[in-house]
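Per-chain residue numbering starts at 1, and chain names A, B, C and D are given in the order in which the chains are listed.
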Amino acid sequence: MMKPVGIVGASGYSGEELVRLLLHHPQVDLAAVTSRQYAGQTVAQVFPKFAHHPRSKTLRFSVPNAELLARQVQVVFLALPHGVAAEFAVPLLRAGVQVIDLSADFRVKNPETYREFYAHDHPAPELLPQAVYGLPEIHRAAIQQASLVASPGCYPTSVLLPVIPLLKAGLVKPTGIIADSLSGVSGAGRKAELDYLFVECNESVRPYGVPKHRHLSEIEQELSLAAGGTVTIQFTPHLIPINRGILTTLYLAPAEHFGDAKGMAELGEKITSCYQAAYGNEPFVRLLEGKALPDTKNVAGTNVIEIAWRLDPRTGRLIVMSAEDNLVKGASGQAVQSLNLMCGFPETAGLV
Amino acid sequence: MMKPVGIVGASGYSGEELVRLLLHHPQVDLAAVTSRQYAGQTVAQVFPKFAHHPRSKTLRFSVPNAELLARQVQVVFLALPHGVAAEFAVPLLRAGVQVIDLSADFRVKNPETYREFYAHDHPAPELLPQAVYGLPEIHRAAIQQASLVASPGCYPTSVLLPVIPLLKAGLVKPTGIIADSLSGVSGAGRKAELDYLFVECNESVRPYGVPKHRHLSEIEQELSLAAGGTVTIQFTPHLIPINRGILTTLYLAPAEHFGDAKGMAELGEKITSCYQAAYGNEPFVRLLEGKALPDTKNVAGTNVIEIAWRLDPRTGRLIVMSAEDNLVKGASGQAVQSLNLMCGFPETAGLV
Amino acid sequence: MMKPVGIVGASGYSGEELVRLLLHHPQVDLAAVTSRQYAGQTVAQVFPKFAHHPRSKTLRFSVPNAELLARQVQVVFLALPHGVAAEFAVPLLRAGVQVIDLSADFRVKNPETYREFYAHDHPAPELLPQAVYGLPEIHRAAIQQASLVASPGCYPTSVLLPVIPLLKAGLVKPTGIIADSLSGVSGAGRKAELDYLFVECNESVRPYGVPKHRHLSEIEQELSLAAGGTVTIQFTPHLIPINRGILTTLYLAPAEHFGDAKGMAELGEKITSCYQAAYGNEPFVRLLEGKALPDTKNVAGTNVIEIAWRLDPRTGRLIVMSAEDNLVKGASGQAVQSLNLMCGFPETAGLV
Amino acid sequence: MMKPVGIVGASGYSGEELVRLLLHHPQVDLAAVTSRQYAGQTVAQVFPKFAHHPRSKTLRFSVPNAELLARQVQVVFLALPHGVAAEFAVPLLRAGVQVIDLSADFRVKNPETYREFYAHDHPAPELLPQAVYGLPEIHRAAIQQASLVASPGCYPTSVLLPVIPLLKAGLVKPTGIIADSLSGVSGAGRKAELDYLFVECNESVRPYGVPKHRHLSEIEQELSLAAGGTVTIQFTPHLIPINRGILTTLYLAPAEHFGDAKGMAELGEKITSCYQAAYGNEPFVRLLEGKALPDTKNVAGTNVIEIAWRLDPRTGRLIVMSAEDNLVKGASGQAVQSLNLMCGFPETAGLV
């Protein structure tokens, strides 16, 4: 029995990646895709790369219509800009459709914080209490019961998964955290803007959005939850010339000075244990060992996040590094992971 | 009257860039280039891209020979691996030739530190006292008098120029400094290693050398000098898929909490003044204004370093970002800048 | 019942791609992988990108040993340099193992031609009669019966699939054919050579091997077979800065002048019919329609080849263009397609 | 005495490259730059990469105004879309200003051909007779006398310079010529279109405009002139993921069959002599020798075009390959070369 699902806003990069994943999902029938721009065209016409999949020739983009969708599918992925997504979620939820929203609209619990970071009032604050932050490794049980999942942003995923277990275990201080992130250009979306032209990005590296990026709001919310108190972090995103991938380097202060080599070894063992306990059995978290360090090319196209860490005896700091595919674990793959949890499918279905 | 100069080890990326710059230098006669591998071939044969320059057809690579060089040229650039460079410098200096060394051999004043970071004894410790660290914006007067210049590394330049004025002015704390750097692949040198193949670097981003990179030795030496006390920093290099360029993001703690908006504005003015005083008249330092942030594509092929900064009222931190071409301001261009100082040429000769 | 298969030479790019495909193949047990260089290490250690697959942690690279392999597996893929591959095939075949060779050793039927193009005597000419050229769309029936398949080269696949049906149908002349091909850098193999360093390939495009590339031998053999007479073609390969993909542009002369618009329309219909008859039901050939033209990004990571064509009324020529992933349809995917045929699996197993 | 010149449409890629070249030109005063979009801003603000040049801080973009320009400068470069350029040239020429047009408007002598290829009537056909096609190596004398130069397109330059001498010498047939070209993305201009986004171009190669690209009109005009009769060619452009550069591979038929090795050697000598006679003393044409083949990375940023050729004894064909920087020799550098000729400056001024 295949689950009928739909994608609203299927022509952006996250939407396209959802199409790829859902066309091949063994328990899903991709029954509806919407796009104002491409309405009337088939998936095969809009995305030639999917044209060898039989479904791509019969499935046509339609104009988004909540009422119609509610009759066609049981779950809807929203790959829309923030603000618009929330408005679209309301009638879908009312009609009993489960919603997995890839925008930022339901990630931040506090509508004040939302207004501060997104510069407009929250369009549906009444839905915030029921929204679950869709980070399966952290909120698995809640996702399984959710009708509305707020799928995390790409940067937040790359920061939260490495840091939350350390904070929960009290191994690092909740203060002074720095996250330095490098993102591929697909993170900017499929937008016809000069800044993202090939010639402007190739042979270029640049920071942007310094010092207050919107993703800080959800990062700090989730870190605060883990730390049991308010956490404020430093976050600097950079644009680098790759299609896919985020590499995040985190600078953390161990809760206690580890002192000499012996102290360092002991702390190292605690960190290893902490990560093993948190992620040892997680299918999509790869804890690197030995000399290995994360590399985006090793996670591209997969739902895996790589994590490695080093203690620095010279500075007393803990450096943690993560790599993920911003469109998969950082967006659409993670959303499918939530779908699997919500529908009782194996969590890895369609993702390996 | 043209100055006869030579390049030892002219077939690597820094050597090639020196050839480019010196072929077009208005006061220099590039009289000798050496390379064991290409001995006997002309510059035009080894580097087709320079073949439209008439000199490239008559200038032949020779096997490096200090005695012979001392008869041909008055200044020698050493673009050799560390260890080898120092050995080569000894007879040249004895013969009265001025030496500009692009290796690490004469950058670190303390031979113990050299051994710690480079894993072998210093080959010519007796020369260390006379070596001048070739960062013209900081050590201009000493370079003008030097017979031996240790030209800085690419990462150190990107860290030192932004940080030294702030430390000297007491505007930031000498503790807790973090430098997160992103380097193009030419920084790894022209080496036939799998790690630097196109397929291994394209669509890849990765940290390396964490947490103790060799360049830390010279960075900390120069920062300590500026701070008037020992400075230990955190430094994380990353490899990104561009040919040229380093982007460094620095996390600094202002010496005093700046508190409210007014305090922030005051500190901002001090930082602006500090940078203006240090670099307002420097031909190769570009202090960005307004919303502009550094971008490696804006400095590629030039000897310019771009610097921008932001105060973050949320964390109380100062973030400084720099961009340079690792082969020009980070290596060969800076070495030519030192040449100009040593020879009494205009400092910008051959560099604009 | 899973088929035990092995890969000899699994650490190059084709070998790595075979590992990827076979780890996920639903009817295959990847039971042996060999590599002198990595013997003793697990697949997960050598290729971190496969480390989320459970088998990667237990499967270890071994030193290649035909006798041992013959006890472990029923089919062996050879991803070895030419010359070496043939020597390795002999004992495997004798031991009753089926062999799919990705090298050039068994592609050319005539050992004289082999010597002309590969500059050494054929190491096992006695096996040539039984070898089947592994282009499934052309030699499907023979592959199903084969014990030794010579899997085609990447360039040949991109030329042969577009041209063979036209030649067979007599729609184009067998003379004057030109193939102009652009290949990603993985086509050069995982070799530590200066020419393939990131810095040497990025921002570079260059022809190479002009005018007599080795792949001509197999291309002309297969085209001659299709044409029923000797075919000699012009072939120019170029290296372009992408990881994966080949784009081939073919210049062909229609068998008869098509003259006016009406003649052009008629010929166009014949070409459409010809391709439809040849490939209309092929799962891995995508015949583009309307204004679409091939693009390597639409086939990357898949076993699909895209084909489009245009008649030029100004010159009377037929231009055919193809795009494929050089490591999949151009190498390892096609080899798995042959495996599926040889073993009676669905032809698309493990390839979609 | 510096020549005052202006650039109309200085914010596109060709315009930007003109700014770069003219800022450093020793005999030019860049006195005016126009751009509707950036009017009021300085060159340093719009192009941070030029900000270390003192003139960039005082030179402001203005709204294009022919009357005003005629008072400020003696020569104007038009870097405008076709159609618009011609309209702008009229008042400038009337006011006695010399015009170098980088658009296609004055390249095609026949207004019928212009309409056929550009789909609108020529805006100023009365000016066509006085326009000189600005290929200095071919039309040097005429350019020296010209008041209106039509600077060639990037593809045409890469085709014409290699082919014209061979046609003039009667060494190749004027029929059956094929030009297969690969262009970097800057050739598409600085346009905010989805097709040219980083993610759409990176890891992608694709033909476009098959089979009738607009540049054919000027290519065939100039080849016909050289051949003394109508020449029709096949031309296929492809988009490849580099910023700058065009690589063109030309397939030509020698005028007579060269037959055996001796005939091939004799023809080879004639070709060598032909190119030597044509370009042996040209400062911007590099005739490659030995095994060298063109590579865009060897011409990037320079006004040089590289040319190499091979005879193929198997097919009887002559293959000629060229590489140029599409923005320099293919556009702005060549335009400056014409400026130098028109003004009596050394032809290489500002270009080496």
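Just so it is clear, contacts are C-beta pairs under 8 Å (C-beta built on N, C-alpha and C of every residue); 3 or more make two chains touch, one makes a residue touch a chain.
Since the model is a prediction, treat every value here as computed from it, not as a measurement.
Each step here moves to a touching chain, and the least such steps from chain A to chain C number 1. Comparing mean CA positions across the assembly, the chain most remote from chain B is C. For the pair chain C and chain D, the distance between mean C-alpha positions equals 38 Å.
If each chain is reduced to the centroid of its CA atoms, chain A and chain D end up 46 Å from each other. Among the residues of chain A, those touching two or more other chains are numbered 200, 202-203, 241-243, 295, 297.
Contact residues of chain D toward chain A in the complex are 13, 184-186, 190-194, 196-203, 241-243.
Per the touch definition, chain B reaches chain A in the complex via residues 178, 180, 182, 200, 202-208, 210-212, 216, 232-234, 236, 238, 240-245, 247, 249, 251, 293-297, 300, 310-312, 314-315, 317, 319, 321, 323. Residue ranges of chain D in contact with chain B, taken from their complex: 24, 48-49, 51-53, 203, 283-284, 286, 288, 292, 295, 297-299, 301-302, 304, 306, 352.
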